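Some structures are shown below for you to check.
You will see chain A twice below: alongside chain B first, and alongside chain C after that.
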Partner chain A sequence: MMRFLPRDRMLWLAAPALLYLAFFYAMPLIYLLGRSVIGPNGPTLSLFASFFADEYNWRVIGNTLRIALLVTLVSLIIGYPVALALARARGLVQVMLLTAIILPLSVGVVVKAFAWQIVLRRDGTIAKLLVATGIWDEPQRLLFTEPGLVIGAANVFLPFMILPIYSVVKLIDPRLSEAGATLGASPFYRFRKIILPLTMPGLISGMAFVFSLSVSMFVIPSLLMGDRFQTLATLTGRSFLLMRNEALGSATAVVLLVLAVSIVVGSTILSRRIGRTA
Partner chain B sequence: MTKIVTTGSAGTRLTRRTLLHTGAALGAGIAMPGILRAQAREIVIGGAASHKPWVETHVMPAFEKKYNARITFEGTRSLVNLEKMQKNKDKPYLSIVQMDDPVMILAVKEGLLEPITVAKVPNMAKLKPGTVHMDGMWANYLQPWQGIAYNTNVLKTPPAAWAEALDPKFKGRIIVPSLQNTEGLPNLFMFAHLATGKPMVEAYKDIDGAFRELQKLKPNLLTVYSQMPQAFSLLEQGEAHMILGALSSFGMQRRLDGAPVSMAAPKEGIFPVPSGIAVVKGGPNMDLAFAYINELLGAEVQSKIAPPTFALPTNVDAPIPPGMPTDAKIHTIDWAFVAENRNEWVKRWDREMAS
Partner chain C sequence: MNPAPFLDIRKASKDFGSGPVLDGVDLAVTRGEFISLLGPSGCGKTTLLRIIAGLAAADGGSVTLDGQEISRLPPHRRDVGVVFQNYALFPHLTVAENIAFGLRAKGAPAAEIAATVERFLTLIHMAAFADRSVRALSGGQQQRVAVARALATKPKLLLLDEPFSALDRKLRETMQIDLRRLLRELGTTAIFVTHDQDEALIMSDRIAVMNRGQIEQLDTPEAIYARPATPFALEFVGLSTRIAGTVTGYDPDGFVMVETALGAIRGRGRFEVGSPVLLGVRPERIRFGTEGGANVAAPVLTDIVFQGARIQAHFASPDQRPVMIETSGALPAGLAPGIPVTISFAVEDTIAYPLAAA
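Our next item is the complex of A and B:
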C-alpha cells in the first residue's frame, strides 16, 4: 500500500488544495457530466447527438472559439511587450507598472463593462479619435459589435497574459542577450533566437489563462454584446436559469469544458516540451 | 428525586417542575411581548423585494390596526416564492403571495393556490375586466405598464406608434428586452399585430408573422438587453433613442430623477405588467389573507400605491395617477399561451435575431 503514497513528503503540501478541489470542483463536475449522459432510460449520448445535429449550435461553438482566440491574440500583442518592459524596469517605475497592471483586477467586470459602454459609444472617445484622425468619415457603432467585445474582454484579461510572461522574462539572464550582441547579432536576431524561445513557457501559460477565461466568460458578452450573440457559456447559463433544461445546460457545459481542457492541457504539454528544448 | 404531585384544578403545590414551567412561561412572555399581550394573529406574505416600501408604508399599518393582526413581508423574487410554496406544501407558512402572472400559472398547475371569490373578497367585483385570472386563482392589484421609453433630448415629440421604430432613421438606435425577460414578450405580440394588421386578440398567436415583422426591426436594433439598467443607461446617454416594451415603473422613476427620458403610450396600445396576488392553499389565517387581498383590491389602498409605483389601478373607482395614460388601449397577455411556447420562441429568437 505504502508504495502508492508519494515518497517526497513535500508533495503532501498539496493535500489541502486537492481535498478542497475534490469536494468543491471534481464532485459537482462529475455530477454535471453524469447529468449530460444519463437520460430517463439509462445512459445515452442522445443529448450530444441532438446538440451537434443543430446547425445553430455549431455557430455558437464558432462564436465561442473565434472570440476567445481573438481576445487571446489581442492580449498577446499588447501584453508581450509590456511584460518585457516590466522585467526591464527597476524601482519605482516597476512598482508603478505592476500596480497599473494588477489594480484594474479589483474593479468588477460590471463596472468595466459600463465604462466601456461610455468609451465605445458613437460619441465616445474611440469614435471621436478615429474621426479626428480621419480613419472614419463619421462616427460608427462599436458597441455591441464583435470588435467591441474583443477590445473590452482583452482589457479585462490582459493582466493574466502579462504576469506569466513577466515571471519568465525576469529569470532570463540579461548577459545572454549581451553575449549575442558582442557576437554581432542584430536586435531582431537576438529576440528571435534568445528571448522568444526562453519566454515561450510564460507565453504559452499566459495564452492558456486568457483563452480559458475568455472561452467561458459570461458577464462580459452579456453586457457588451447583449442577447443577440450566444456563446457556449451564455447558452449554458440560459439553459439552467431560464429554460430550466438542466440536461441541455449540462451538455453545453461539457462541450465547453472539453474545449477548454484540451486547450489548457495541450498548451501545458507544449510548454513543457519547448521548455526542455530551449 | 422530586415527586410529581397533581392536585386537580383547585390548588397546585409547588414542585420543581411547576416552578420550571412558570419560569419558562414568564421567559416566553418577556421574549415575545407582542404576541402574548395583543393576541394578534399573523400572516406572512411572500412578495417582491421592490414591494416592501409601499407595503410597509401604505398597507401594513392600517391593516394591522384594523384587523389586530401582524404582517410579516418576505421580499424576494417570484420564483423563490414559488419554491417556498412547493417546499412547504404540506404545512404552508405563507398566507399570501404577490408574484408575476407567469409564475402564478405554475403555482396553479401545482395546486398551490386557493381561489378568491366575491363572497370572501367583495372588492373583486370592482375590478377592471381582464384582471382576474383562471377562475379567481389570482387577481391583479396594480398594472404597471409597458410602452416605449424614449430619449427626450433626441425625440422632441413622443413616438405615436410602435411602427415608428421601423423607420430607417433609427438605424442602430432601438433597444428591446430579451425574451428571457418577462417584459420581452409583449414585443412579440405587438409585432404579430403589426404584421397582420388584425386586432390584437386575433393577431397575437401569429408568432410566424411576428418573427417576419421583427426582421424589419433588425437593422435598427442597437442591442437586445437582459439587464434593464444597462438599457436605460444607453437611452439616457443618447446612444439609444427608444426602448420598446420599457417598464413604466422604471422609466417614470428615471424621468422623476431628472434623466432625459419619458414614457409613451403609442396608439397600438400598451401592455399591463402582471402584478398578481393570491391566497396560498391551506395557509395560516386564511380569513386574514382574504381580508388583506380585499384591502389591496380596494380603491383606497390602490389610490395610495399606484402613484409611487407608476402603475394603473385595477379598481375602477381608483383614480388614474397624474402623468399616466388615461385613454390608452390596454392589451391583456395570454400567459398560458406564453408558458406553453416560450422556450420554443427563445430558441427561434436566437436563430433569427442573431446579429
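Our next item is the complex of A and C:
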C-alpha cells in the first residue's frame, strides 16, 4: 500500500495552476509547434531547414541573443549594487527605495517605450546632457540605435534583476562580513569570497528573468529600433501580423522558445547546484 | 613600575542617541590574560567588544593594543579575532575552509595554511569533519570551529561574545573548561563577554563587572565574590542576602552599626550616622544558631529549597530583599515554615553599601 506523505499531498496545491497552464498555454503552444513541423505532405523539418539556410535569419538570432545579453549585463551592473544597498537600508529609506523600484512596473511598457523615444532623440535628455558635460561635441541620436535599445530595455527590466537578488541578500547574516573583517579580509576580499558566492542564486535567477524577458521583448525593440532591426520576437510578430506567413512565424516562435527554455532550465540547474555546494 | 598594558582602553564612550551606552570606560589588560566583561544585557559590554574589534566606532576615547593605537584602524587591520554569539560561520564553506579563511585572506603560503588548519582541527577534535559543510554541525561543534577559525590567524587578542549562550548547560560546562585550557596553551589574550556570572567565575583571570555603561569593579573572581565593591556587584555576582537599614554609629572595633528590620547588625563600611545603607552577606556565610561576636537575627522561615549538593533556607524578608542561608551540611532538626529561626553571620562577612534613597 502506498501512503501519501504530507509533503506529497502538498504538491496538489500546484494542480489548479498546472491545469490552467496546460489548457490555455500548453495546448496552443503544441498547436504552434505542430504547425512548424507538419507540412502538406506529413511531418517535415523543411521549414527549419529553409529557416536556418537563410543568412538573414542567423542575423536575427544574433541580434536577439546579443541584445538580450547586453540588457542582462547592464541590468546586472546597475541592479546588483542597488540590491545590496536595498538590503542594508532601514525604515523609511528602504520603503522609498522599494517603492521606487516596484512602482514603475505599474506603468505600461508601451508608455515607457514612448517615453524613452523622447529621451533618446537627437534633442533628447541624454544627448543634451552629454553635450553639456562635453562628452559629445554635438548632439547625436540614440533612438533607433542598439545602445539606445539596451538602455531603454535595461530600464524596463531592472526590477526583475533587483528583486530576486534583494530577496537573497536580505537573508545573509551581516555578521558574516564582520567575521570576515575580523579575520583580516579586506572589503574587496569579503565581497569576492562571502557576499558574491552567497548571492549567486539571486544573481542567477535575476539574470534568467531579465534574459528571458529581453530575448522575447516585442514592444520595446519595435518602438526604439523600428522595422529595419529584427529579433526573433519581432520577426514572429511581423510574420503573423503583417506578412501573414504563419509557417515562418511558427518556426521563429519555436526557435525562440527553445532558446528561452534552455536558458531558464540551464540557469535553474546551475543555481540549484551552486545552492547545494554553497 | 608596571609595564605598559597589552591592551589599554582609555575613556571609551558611545552614545546611540538615547543616553550613553559606554560612559568613559577604562580597561587595561595584561598579555595572556583572560578577562570577562560581566553584566546584564544593555550594560554596554557587547558595544565595548565591538569597539575593540573595530566593528563599531567609539564616540571618544582610545584603544591601544601591543603599543599601537588601533582606534582608527578598520577591523581587518587590527589583528583582533572575534567569536560571534551566533558563530557567523561561512555557510558556503566547509569546516576546513572556514578555518583557513583568515590565512587565505592574508595570503599565507598554501603549505602553512594546510598545516595550521590540520593543527586546529586536531586541537578542537574535529579532524574527521574537515570536509563537512558547517551547516551539518551541532551547536557545540560550530562553536569550536568558530574558535578555531578566529585563532588560526594568531590574533593578538581574541574577543568572545557570549559563545556559550546557545549551548545546553551540560555541554557548556565541559566546553568552558576546554576553551580555557586551549587559550592557556596558546597563550592567547582574551576578552570574554557574558551575562552568566558562573561562566565568568569559572573562566576568568579577572572579571570586569559592568553596569550602565561603566565598569563597577575589576578584580579577580575570588575578590569580586568575597568583597563586591558595589551593591550591583554584590547582587549580580553570586547569591546574596540583603537588608536595608540606617547607620546608628560605630562599635569599638570600627564596624558600622546599622538598625534594620532584623535588629541591630554590624558590618564593614564607612558612613555618616543616619545615612541609609544596604547590608549584604553571602548565604553560605550564614549559619543556624548563635555564635559569639557575630551578627544574630531571628527571621521567620518561609521555605526550604533542596538543590542536590546544597540546600537553601529562605526567610520572610522585611523589605522584599532576599534573606537566605545556603548550606551544604545537614539542616537543624525541627525547621518548619512559619517559625522564627536563629541565624548568625560574621561581622567581617557583612558589607555595607550606600543605598540611594528610593
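Some observations on this one:
Criterion: the second predicted complex is superposed on the first by the 271 of 278 C-alpha atoms of A that agree within 3 Å, B and C clash if a C-alpha of one lies under 4 Å from a C-alpha of the other, contacts with A are read in each partner's own complex, and residues count from 1 in each chain.
Assume a contact is a pair of C-beta atoms (placed from the backbone, for glycine too) under 8 Å apart; a residue touches a chain by one contact, two chains touch by 3 or more.
This is a predicted model, so every value here is computed, not measured.
Following the overlay on chain A, a side-by-side fit with no clash is recorded for the pair chain B and chain C. Of the two partner chains placed by superposition, A:35 touches none, neither chain B nor chain C. On the chain A superposition, the C-alpha centres give an angle at chain A of 150° between chain B and chain C, rounded to a multiple of 10. In the superposition on chain A, A:222 makes contact with chain B only, not with chain C. Judged by the touch definition given at the top, the superposed model places A:170 against neither chain B nor chain C. In the superposition on chain A, A:238 makes contact with chain B only, not with chain C. With chain A used as the common frame, the shortest Cα distance separating chain B from chain C works out to 48 Å.
Remark: chain C residues 53-55, 74-82, 84, 86, 88-92, 101-102, 104-106, 149-150, 153, 155 touch chain A in the complex.
Those residues of chain A lying in contact with chain C across their complex are 173, 175-176, 178-187, 189, 193-194, 197-198, 277-278. Every residue of chain B that touches chain A in the complex is listed here, in rising order: 172, 178-180, 221-227, 230, 233-234, 237-239, 343, 346, 350-351, 353-355.
On chain A, the positions that touch chain B within their shared complex are 56, 59, 114, 117-118, 121-123, 141, 143-145, 222-223, 225-230, 238, 242-243, 245.
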